[in-house]
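Chains here go by letter, A, B, C and D, matching the order in which they are written, and residues are numbered from 1 within each.
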């Protein structure tokens, strides 16, 4: 086994000697990195803590950079890795830091962009291999995908149409709150998800009647996909249990 | 094939030569028309943009008018089309524009009525033929229709009765917020759908106790139809899969 | 057939000659009575309308009184009717009016009590015989009754305990909003049903952490009964359809 | 039967002579204790009532202390009881009272800690033996445990990431409301559970767009576990009914 294979299997947690150690260490670093971004926002941090966080951020980005370079160098096809989903995620996670260094004298605020590092959390999905629940969820998703997409598109259209209608009713009564259809869409989304902050709501009688009708009809459209996934999931579990209980089907009968 | 049939099949996307092109173009125009109504509401639009939107509105209405006239002229039974669901929708979508022109000197504000053009979005439902998810939804709806209607009527009665009761409890304490049973119905709808804007809520002890009881009992009544549709849907999918898997039933055994 | 049987069957909609006419008339009167209570609350009613509503209220109560007396007089066992569920409902619906007359000089406000007349709306449940959906709902309810009760009691205990805990955390920070455990229970109910008016919410860090934990755990406890009823309902429908499809089971095999 | 066995069986409701009396009495005392903690918080309590509540609290703690000592003295293995779940609960329920006495001169406020006595309410779970609904819930929980845990962890990660992202968008616009990621997490929890108090919400366009996307995606993640438990529960009920209906399976065919 050459060094490339050693490095590659170590990073992926399939190394015969190191096992999951390197992989789990990287996962821990991803979690630490996410945590560090949160702690950093706390007000009244003492100076030494802020310094420690900044230093640890540099260390984290350095490790992620080394990991990226190693993955690139040891991949059987480096170009394929660079263009793969995880390759792009790994690059986006470290790029903002170096862009920030490059533009340090130009007064650009790249803090918000740094949040791209959180994309790395999707790497934790690889832990999914330790549980069959994720497999079942994926199978359920394949079953209900079409319905969920139809519902999603319908929900978007409903949201936009509701916003246009309420805008006609409320704009004259509340020109500040319902300044444009964008405000109305914000209202529609907050209302249809039943969050209802109370920062914006209809006050005209016709606007209120429309809101009530909209809620009764549209709540169904938005809430059904959830039920779909759940019942598909339980159907898959039932089928798996049945398959585990009964003997192998005779090979003579082809399915379908 | 005479010109009538050419036009009719082109509009419906079944023309041998043009295929779906004309139909998809009309669908795109419907979407543009909806989008234009939203963009128009944005404040601080530059003058040229407002002009462009007004012109494009006229073009859209012109195309819809031509489409309506063509459909009327080429339908096998023009009267039947004019009285059909889509015929009425197509007319309602263009009528407000011409009414606005007719009454232009009378200071009538027909802007809100223009929203009727959004009715045309139901034409997009014809895209449903590209997915079997809609068929399954329709089948599920037929299965649960009766329960959903019973629940809907029950929900309306519960809403009205809750509004009457809370009005008795809260009117004296908050004569402004609970001015009549209409305000109380607005409160009941916003509360029972769990939106809870916070613009109106009970403050008396007895009103609060009633609200809590109402929520615990009535949430079930309103939330159940959603679950019904979802489980009917999954039952239909199971049945379809079973039908696809097993061979044709022997014709000798009549069902039922 | 003597006059008692004539009256009794007419009231119940089983009269050979009158059919459902009398029964439906009484149902219409119940609906009118509910509607009248709402219209009455509208502000700025002209004097003649207020008078008309008052008069119609007297007529409605008079008809309900005559109905009650007739039912009492024609029942095979008058005492049994008077003590039955519908007998008590019929009495409670008219009693407040006569009590109001009796105490008219004492300045008692019996307006709120008049809402008892709405109890009569349960008579509309008799319309349920026209739909099998109600039967299926009742069957589903019998299946899940035990779970729903267990969940209901658990929800009440959770609500009370959450209120006691949040009171300990928030009372000192907001002595006005969280004045006693009663306010905390109002908060807990409004939060756990996700209504969230925003009239009362935790502000201390520990109170907020507790709220988040509470929501994640307790939402399940409160939301599950709904799903239970829905899936029981669909199971019953499946069973009914299967029963309708297959032939009568051979009588030789006893169940269980 | 020696006195230890007499005491032990009496406390557990399995005494041949006393039956459930002692056990039910202790359960009643647990309920009273919880109720007393609530009543105590009511403002404007007359002096005698406050005194009565304080005295009754001492009595309750005394009885719980005697029960704890008796359970410890009569257990077959006292150490095992002391370290068991219910042993720890019983100790935590009485410890704060004695700690409060010990530190009475030090000005420590142990009122909040007294809420630990509510832990004793879990003893009421033993009433579960009177209903098979709890057994079915436990079985359903075992079936869906893995999915619910996966969803729970996913929900926590989603919550934290959403909080970090919204913090980047809203901190500059509302430095008071979104002071740190902790406030943002409070916002995310209140929004994702659709409570929506309205004490904190995004105002920037990009923050609002992110909120809408978050709601549509994340509501599914949080709401699905509920549906899972419900459908698992109904599957278990179906299986139980089938098992009750059909005869014992022949012993010759081993399962699996």
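Please note the rule applied: contacts are C-beta pairs under 8 Å (C-beta built on N, C-alpha and C of every residue); 3 or more make two chains touch, one makes a residue touch a chain.
Chain labels with UniProt names: A, B, C, D = Ion transport domain-containing protein.
What you see is a predicted model, and the numbers here were worked out from it, not measured in a lab.
**Q** For the Cα fit of chain A against chain B, please give the angle of the superposing rotation, nearest 5 degrees.
**A** The two chains, chain A and chain B, differ by a rotation of 90 degrees.
**Q** Measuring centre to centre with C-alpha atoms, which chain is farthest from chain A?
**A** Chain C.
**Q** What is the distance, in whole Å, between the centres of chain B and chain C, each centre taken as the mean of its C-alpha atoms?
**A** 31
**Q** Between chain A and chain C, tell me the centre distance in angstrom, where each centre is the average of that chain's C-alpha atoms.
**A** 43
**Q** Two or more other chains in contact with one residue: find those residues in chain A.
**A** 182, 194-198, 226-227, 230-231
**Q** With touch defined as at the start, can you tell me which chain D residues reach chain C in the complex?
**A** Touch residues, chain D against chain C: 34, 37-39, 41-43, 111-112, 115, 118, 121, 124, 131-134, 136-137, 152, 155, 182, 185-186, 189-190, 193-199, 225-227, 229-231, 233-234, 237-238, 244-245.
**Q** Looking at the complex, which residues from chain D come into contact with chain A?
**A** My answer: residues 143, 146-147, 149-150, 157, 160-161, 163-165, 167-169, 171, 179-182, 184, 191, 194-198, 201, 205, 208, 211-212, 215-216, 219-220, 223-224, 226-228, 230-232, 235, 255-256.
**Q** In their complex, what parts of chain D are in touch with chain B?
**A** 194-198, 227, 230-231
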